[in-house]
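Chain IDs A, B, C and D follow the sequence of writing; residue 1 opens each chain.
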């Protein structure tokens, strides 16, 4: 059955592609390609009735962002969405630190829904939208 | 009675450990106005940031703060006697190292309220932040030793860490790591408690009248008790599941979780 | 450079056999000179004051990876002792492990001008030097941990001491160090797999040798290299009841190396290895045995490692010792930090309490040793900062040494069992100012082979401390409190001919020098491909990136030594 | 002119690999040997990209315009002295020499000072302050470890050469690698990515055939009981590192703490009342604990999966507690996988000067420490600071949106070599040299071993080092402060004169 929205746990983290791309430059196409994405379990992609590489909108209580959805290549992560750390993931993370300085970057519930018609914002567009600069 | 109200809205934090009955005692109003505080890096006098008036007809409370003091840190730090009432929110480290007297917050209080407290009473009629009644970083001997903290609302995480004595009563719910590393004393929660309560505890008791999210695997079920004594004035009616722990620390601390609100814990009954 | 004339002080200068004589000290161009032009010189009126050379501390953990990990470990310690920034000085914190600047300020205020940093892992030498650069006002040097270095172990096991000497000469230069430090020889290598050695004749696992071989081998190497200081030895079995036997065996092992001219070994913080009794319940002092041995032999020197009853932080390269200390309980934090191919390390916060029998006996042992070893030139006063207590507690130790009344006052507050076991009531000796000067500057400078330090004879470096003590009018043993206070804050401290403390306040901040040895062997250590390959195998950093470069020493003082091999 | 420079240190992650061979032609790096893919991206391509900042900029009428260095320095110093409570943040991609001056600047300003460790391994530092840590330099682990545990980290992505240089794929004196030879041979002819792919293929050869992945944890393989080097990976998701491991344990998100708790009980030979913890059956945990206790030397590495998930520093505290318990039975060490190449240095330098490793405040004239109070994100969250200086870091890309939104309410000064997210948002934007490429200096490896970074090429003309910029700002701040005091003095004098 195809679902409109999927409630999953957000995990953010490093990927080798993000690591390489951030050294090439935050404005580079490589950075955009490797960070403005999210990984879902193939079964979850199916649940949403999606194809690999289609845009999804991820919404948390702290914000909402459109990124490209990909299949997670290494193993099962059903019930989770994995995003490489970077601006796009930060848009939905919370600044709650439990009073130790570390924001909440992972481990909370978000909603994923298909957004094939919504564009993924570029770095500059995202900065403009969020911070007006 | 000295009444203090902010002259303006504060943006950057103010450190005002001088708002303390012990320090005010014996000083004239003019002297009090000259007491040093900092606003960020700027050195100011109390008078620069606050309106201060004196009403000699009223004895207690000794100091009344009216307005938003959420950016004002260290109110009543180390106070030994007297009473401070804050009609508004209080900032971090309120009543830190309190050694006597009473502090009442008619609002919320921020982190480290009542940290390393030894004696006295702190009443918070709103919510209390993280690390309430918990000591400074890295100390294992600095936990709250005595006195009473009463919170009407909810508390954040890491409340009552390294507790060595005294009582904390929370009428709302509590965040994670409640009573972490406590060795004595009592924590009583009327509502719910997040997971990881009592981790590393070696003694003392945590009484949960609501639902506990999860009991750590380092706790083992001991018995079911019909009631438990919170302090001289309060006996909580049960029945309670009693867990012993933290066994990884060879601890003999106790967590009491009310049976009726914790049906999920019935799986433990098979070990009794 | 300004000329200074210190007039009419009571000069105590044991190396020049001057004992409380009223005389003038002249300073020019950073040196003590015969006389200066009185009209141009800055005159310090020292009438009624005691003038000594600047203090020389030969064992105080003030910098390096281990020390800094200790700093990071203890915010609870620093919060007790915050130091404000002034127009002249930097901010910082104490208490048991003060931040670098505060370390320099406090030493200088006590009239100390030279401090040895006795434990530096070779691989982390750059770090130690970076920190030393940030300790102002005092000269310093570091001792490299070499007792469990694989290169040394392999060469000693092979019996090739000459090759060992060449490698050590290379290492001393590569780490910009001043002496060979040996910590629990063989024990640190065993600790790599969580084990330890328990006597100087235990086999070191995976290496065909014993701690005895390491100690005697390196003592011989030290002689071959003509090092100014002896081997600096932290014995096996440190902190274990009954270990005074190990200490004596260690000293006996070194008798064979002694040639009769100067000492060939230094046992550091000997208080921690003068324990008698079979276990903690029967713990007692082994000071008498150690002192008897030292009184009968001349090949060893010691420093005390006095306990001062403080909430302090213990830190040593002796990882297994720290773990066993941790296992005794009562401490919340334990740090272990092994260093590949070389060493290990451990840190535990520790509160020495008067009411604890073992702690109080330890306190007594330190004083017993200081008082029972007859020749003060064999003894150096240390607290093994921060292990026994922070260095700025030295004046307390002085008082216990020069005043029987002071030790009795403290002993009275100690654990009853410890009081009964203490030998202190039987000891009448009270140190004189002359003897105090020996164990705090003259003797230590001599042990370290620092010819221009520790005295204020002509030609010496102009490091001078002036204390508010009038030996003519004060009975220091009776009035111990004001004298203790006087020692904790010098009226004047002069470093290299510049007044840095005046009227008990810091007036000038200047960097201190870092001394290091360039030991030149007749044939240098071969740096060939084989060595580089071995290097790559043993360490995780490249050979080229290993040595400390000049960049890491702000004010160096290179001392060139010609080795006899 | 071609020059080959050997033993160059990689200025990217906490591994600080120092065996790079860099080929420089006409002041340009054209080739690099031995480094990982990330290193290649930075050293050969990234450092000279178009995104480079070549001159200072100031935001005027909403637009960044180039200005002279003097103007930018003055503007920055003015912002910092005018603000009541600035925050200086970053420092982790600077040499320790720069960090050193940074503390002095913070002290002079009486402001808050924090480094990136507060959003990576700050929790680890805090845990160490609670309980200590048994650790070792990486070589000790290479020589001796026969059991390697990677917990909630993915070195293959974040520290690509960690496994190859320091742990499972290296030869130590007492422990050898099964893969070493194979990898060495391949490295000779293949590029980094190919090696990775090849290692992945080796796994297929060396490992039992992969079974279909499910969220259910598999039973430990029999290899766990064998002698020789073994590697176990704990993570919420399977990673590249997990693929090369002997055993992968997939844990439920946010349940690491409970698993550590259960494992501690098992290490201490205690029974537990539950069958499953964090999705892992207790009987499996028993086997893992057996393998740990039977190891001669075990090493645990942990990453942001622990420091950032629920529990944060308490996760590390309990992990260290477990390691400590294991030391009563065998030898075990634990080590954080520090991220930026000099984040350990920032902690180190701050600590020796002030006693505290991060989350500092100088508003009282002496250092104060409290993560949660003086950490960058907490200050920003509460809106406590009224100006920000960011140096060698990109909170623009690594802080939550709301924190940065608060940062934008006040002036922002940035010092970074390239136009990263935070530079794009700055009000005063400084250029800087690439530390470790154009600027020499000291960095501290994740096991706090100091290593000297090399300068291999000259920086573009007019681009100073960040150390120089901080020094100039510090001097200018002192000048402005002196002027202010003089002004105050004259004003009071005038008042006094009037009184007379």
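Observations, loosely collected:
Throughout what follows, a contact is a pair of C-beta atoms (placed from the backbone, for glycine too) under 8 Å apart; a residue touches a chain by one contact, two chains touch by 3 or more.
Quick caveat: nothing in here was measured; it's all calculated off a predicted structure.
In this view the innermost chain, defined by its CA centroid being closest to the centroid of all protein CA atoms, is D. In this structure, the chain pairs A-B and C-D differ in their number of contacting C-beta pairs, and the larger number is found at C-D. Separating the CA-averaged centres of chain A and chain B is a span of 38 Å.
Note on chain placement: the centre of chain B and the centre of chain D lie 34 Å apart, centres being C-alpha means.
Centre-to-centre separation of chain A and chain D, using mean CA positions: 22 Å. Chain contacts: chain C has residues 73-76, 79, 332-333 touching two or more partner chains. Residue positions 111, 130-131, 136-138, 140, 158, 176 of chain B are each in touch with at least two other chains.
Among the residues of chain A, those touching two or more other chains are numbered 98-99.
For chain C in complex with chain B, the residues that touch the partner chain are 73-76, 79, 332-333.
By the touch rule above, chain D contacts chain A in their complex via residues 12, 37-38, 40-42, 45-46, 49-51, 62, 114, 118-119, 122-123, 126, 154, 156-158, 160, 213-215, 236-240, 242-243, 248, 250, 253-254, 304-305, 307-310, 312-313, 358-359, 371-373, 375-378, 380-381, 394, 396-405, 408, 418-421, 424-425. The touching residues of chain D, counted against chain C in their complex, run 6-7, 9, 18-19, 96, 100, 104, 107, 125, 128-140, 142-144, 165-166, 171, 173-174, 296-297, 324, 327-328, 330-331, 333, 347-349, 351-357, 362, 364-369, 440, 442, 444, 448-452.
For chain D in complex with chain B, the residues that touch the partner chain are 83-85, 109-111, 126, 129-130, 257-258, 261-262, 264-265, 268, 270-274, 277, 310-311, 314, 317-318, 321, 325, 362-364, 369-373, 382-386. Of all the residues in chain C, the ones that touch chain D in their complex are 63, 65, 68-69, 71-79, 82-85, 90-93, 97-101, 123-124, 126-127, 130-131, 134, 191-194, 206, 323, 327, 332-341, 344, 347-348, 537-545, 549, 551-552.
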